[in-house]
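What follows is chain A paired twice: with chain B in the first complex and chain C in the second.
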Partner chain A sequence: MLQVRRLMVFYENMLAINNVDLEVPPERIVGVFGSNSAGKSTLMYTLSGIILDMRRKEEMAGGERITVAGEILYRGEHIENLGPSERARMGIVLCPERRRIFPESSVLDNLKIGAFLATKEQARSTLEFVFSLFPKLREIRRRPGGFLSGGEQQMLAIGRALMAQPRLLLLDEPLMGLSPLIQFMLMEAVKQIRQERRISILITEQYARPVLPVVDEGYVLEHGSVVLRGTGQELLENPDVTSAYFGV
Partner chain B sequence: MEIIVYGIVNSVSLALMALGFTLVYGISRLPNFAHGAFYILAGYLAWVGIRSLNMGYIVSVLLTIFVVGILGMAMYRFFLIRVRGMPISEIIASYAMGLFILEALRWKGLKGMTFTLPVIYPGTIFLFDVPVDYQRLLVVAIGAGIVAGLWLFTKFTRLGLALRGIAQDEQAAMMLGIDSDAMATVATGLGSALAAVAAIVLLPLGNIVVEAGYQVLIFAVAVCIVGGLGSWAGAILASFIIGFAQILTVSYMQSHFQVVVALLAIILTLIAKPSGLFGRQKQLEERV
Partner chain C sequence: MAEVQRRKERLDRGIKVRAESIYAVSSWEEAAYLLAPRIILVLGLLLAPLLVQSPYWKRVVTVVCVYGLLGLSFDFLAHFVGLVSLGGALATGVGGYASALANKALGLPVFLSIPLASLAGGVVCTVLLLPCLPLRGVYFAIVTLMYPLVLSRLVEAFNILGGTDGIPGVQGFGGPWAESYIIISALLLCLFGLRRLVNEDLGLILRGVKDNDQAVKASGISVTRYKAIAVFIASTLGCLAGAYLAHLYMWAGLSLFALDFSILPIAATVIGGGGTLVGAVVGSMILIPLSELLREFGTLRIAFYALVLMGFIVVRSEGLMVWAQRKYHQFERWVQI
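Coming up: the complex of A and B.
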């Protein structure tokens, strides 16, 4: 589905992603774990193409120079130079860090904006799916996005990304700042999404405990480099991972 | 009573002038300083259509709105896109474009009192004992119609929803497959077309003169700054504040203070609340 080879990202001279190889097979859930500033969000922005927009804006404003090198292959095609909306059209949809809900639009409108790429039929059936996945969203569908709690916002962000008909869903820190109960519920939803939509999912997260049981494969990122790679089970049993990312 | 009736008419006129400007800024963060030029250009094109080419009123007007919309899109696609993201350059580039259009029109002979657009329906009626001509009532009706139309457009159409998305969080919208440059092209086209509509309903009340182009720009900028850049609700509220203030100065002082009121409104807003009445420059960043 997605293959990343020797990916490097620099902000000026700071190395944010260092020689990362990563693979997301079809219909698999892959996790990327790492602490603050390990490069998780940079990785996600690079995969979704948002980094190209950031680079253009920095260039225009005369700010930081952003350099990207390496290969990103999606279903066998090179996509390094495609912009974010083109990648979204191909099926790579990012559900960003901090959710970035449209605050003035209602929950329903947020989902409708998400359906920009969907046909009418797809939009209707996906909306039903999102409401069955998160029944809470149906109850609050008229409320403006800015008035939702963190958990509700995260459900909406995932729902909105699903409306864009992803084939590879990128979830950037979906559990950040949420209660254990909601974290558990969201991970159950992620499993259900994979099962019913038959898509690949890449999740990044700082706190690995709720995510590890769900992933087929996981990577541990430190200072931009992959230091460990293994199946979910292997990582669960690895003492280094346990001490570093379980917060025990 | 007179003040209320004419205050409303004047406020809606201001809103019509400013809507296109605030729409483009709200969606794409592009200050389109060629807005006033498109307004006058639309008046001139409609005049050419009606008076020189004898195309009939309806055809000329529709064609004008369409052509000005296309010109707006072209201006973004081939010109402003190169300076996108550099606010000062955006202002200079679009203002240069506006200067070029306006001064080219002046050079082609657009001056004096000879250029007027016909009113759609001549005549006057009395509203609460105040004489109002039908054209001014039409201004209010079309202003209300445009606001309602824009609301429906951004609520129920795919394109309108996409514009709302880009307006609120550009990158989040890109992640969903909405292309920012395409939407900015649509937005400038729509904004210019709105300037054309405003010109066609407002210009019959006066002459088509180049100076009005600069004045419209000043009014549009004043309304947007007072209302909070990019906020539609703010723009409409600000139109009413400035509109009534202008009518009050006309009644109690002299009529040439109108522009002074607009400029004073900018200054007062920048002193008291720089983000404007409905400004949202900061609030988004504070939420986590």
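Coming up: the complex of A and C.
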């Protein structure tokens, strides 16, 4: 589905992503774990193409120079130079860190904005799917996005990303700042999304415990490099991972 | 992979790294590295009236300095306090009328009336703007834009302060040299003073207000008070420019509230590079002479002027001084990834 080879990202002279190889097979859930500043968000920006947009803006403002090198293949095609909107059209949809929902639009409008790329029929059926996945959203569908709680906002953000008909869903820290109960519920939803929509999902998270049981494969990122790679079970049993990312 | 990928690397010059610490200024070379840009600016400004011959261009130099002061005031408020003010004309108007009154009604000489009018004008502007200090962004901008319009119409409607005729017979400077050097030295003092101020404790708080005023409030600091101080400093600079203009033209009138005094300094700051302070001065050094040179084109002047401005903003939106400082302090080279 997605293959990343020798990916390097520099912010000015700082190396944010160092020679990362990563693969997301079809219909698999892949997790990327790492502490703050390990490069998780940069990885997501690079895969979704937003980094190209950031690079152009920084260039205009005379800010830091962003350099991206390496190969990103999506279904066998090179997509390194495609902008974020083109990648979204191809099915790579990012659910951004801190949710970034539209605070002044209602829940329903947020979802409809997400369906910009979908046909009417797709939008209708996906909306039903999102509401069955998160029944809470149906109850509050008229409420402005800004008035939602953190958990509801995260549900909405995932729902909005689903409306864009992703084939590869990128979830950037979907559990940030949420209670264990909601974290568990969201992870169950992720499993359900994979099962019913038959798509690939890439999740980044700092705290690995709620995510690891769900992923088929996991990567551990440290200072921009992949230091460990294994199936969810392997990572669960690895003492280094346990001490570093479970807080034990 | 056979293909060699390269990226352009930016590194601080060795001399910058060494010269940044005071202990390291051990050679003439390093001292020159630190001082050269400042000396070029100071000498350039001081020599400008000597280098231009015609009284017309001497006058242009003084106008450059007036707009430089207004640009400094705008840049300080916009990039160090986060208040976008479109009210340069408010300060020039208030300062100009105050100085004319001090000179005509109180009989104070020039060297007293200008500083007095600057300070008093600063107080008046701050009091006028006090109710708008909680506003930010476009709201503050609109209110400051309205004030000069309101004041000039009030003067006209009630026929106070000379009405449309203004206050004529304000004492002049008595010669082109005094005219030039008073404003040049005022500009240099304000420029270097402000540059120092923004790195003092006060500047630190002000920059905090710009970035996140709630966090500043949470630290137990009164945001409104510090905003008021900043507005006072900025409008004192603007009033200084206005007071100088009143004495330069020996007349204080409604044209002191002209929109030019609000808009041109902003354009100068954008071209010169916001947030550098010196950029505002450099920007007006480019814009004002340019607009004079374009006079030959008659009515097309504004069109050319606007095109130059738009080109600058689209191609180099970072601003000249930001770019120049980067080139001065850093070098670039290609490195293999």
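Just so it is clear, the second predicted complex is superposed on the first by the 248 of 248 C-alpha atoms of A that agree within 3 Å, B and C clash if a C-alpha of one lies under 4 Å from a C-alpha of the other, contacts with A are read in each partner's own complex, and residues count from 1 in each chain.
Quick note on the criterion: a residue touches a chain if its C-beta (ideal position, glycine included) is under 8 Å from a C-beta of that chain, and two chains touch if they have at least 3 such contacts.
What you see is a predicted model, and the numbers here were worked out from it, not measured in a lab.
A.B. asks: Tell me the contact category for A:16 with respect to chain B and chain C: first, second, both or neither.
C.D. replies: neither
A.B. asks: Name the contact category of A:61: first (chain B only), second (chain C only), both, or neither.
C.D. replies: A:61 sits against chain B and chain C alike.
A.B. asks: Going by the contact rule set out at the top, does A:84 touch chain B (first), chain C (second), both, or neither?
C.D. replies: first
A.B. asks: In the superposed arrangement, does A:53 touch chain B (first), chain C (second), both or neither?
C.D. replies: first
A.B. asks: I'd like to know which partner A:114 touches here: chain B for first, chain C for second, both or neither.
C.D. replies: After superposition on chain A, A:114 lies in contact with chain B alone.
A.B. asks: Does the superposition put A:69 against chain B (first), chain C (second), both, or neither?
C.D. replies: It touches chain C, and chain B stays clear.
A.B. asks: If you stack the two complexes on chain A, which partner ends up touching A:6: first (chain B), second (chain C), both, or neither?
C.D. replies: Only chain C is touched by A:6; chain B is not.
A.B. asks: Now for A:24: first (chain B), second (chain C), both, or neither, which partner does it touch?
C.D. replies: After superposition on chain A, A:24 lies in contact with neither partner.
A.B. asks: Can you tell me whether chain B or chain C touches more residues on chain A?
C.D. replies: Greater contact footprint in residues on chain A: B.
A.B. asks: Across the two complexes, find the residues of chain A that touch chain B and also touch chain C.
C.D. replies: The answer is residues 60-61 of chain A.
A.B. asks: Looking at the complex, which residues from chain A come into contact with chain B?
C.D. replies: Touch list, chain A to chain B: 48-50, 53, 56-57, 60-61, 83-85, 88-89, 93-96, 98, 100-105, 109, 112-117, 146, 160-161, 163-164, 177.
A.B. asks: Where on chain B does chain A make contact in their complex?
C.D. replies: Contact set of chain B toward chain A: 83-86, 155, 158, 161-162, 164-165, 168-169, 171-180, 284, 287-288.
A.B. asks: Under the stated contact criterion, what part of chain C meets chain A in this complex?
C.D. replies: On the chain C side, the touching residues are 1, 5, 7-11, 316-319, 322-323, 326, 337.
A.B. asks: Spell out the residues on chain A that touch chain C in their complex, using ranges where they run on.
C.D. replies: Within the complex, chain A contacts chain C at residues 6, 8, 10, 12-13, 60-63, 65, 67, 69.
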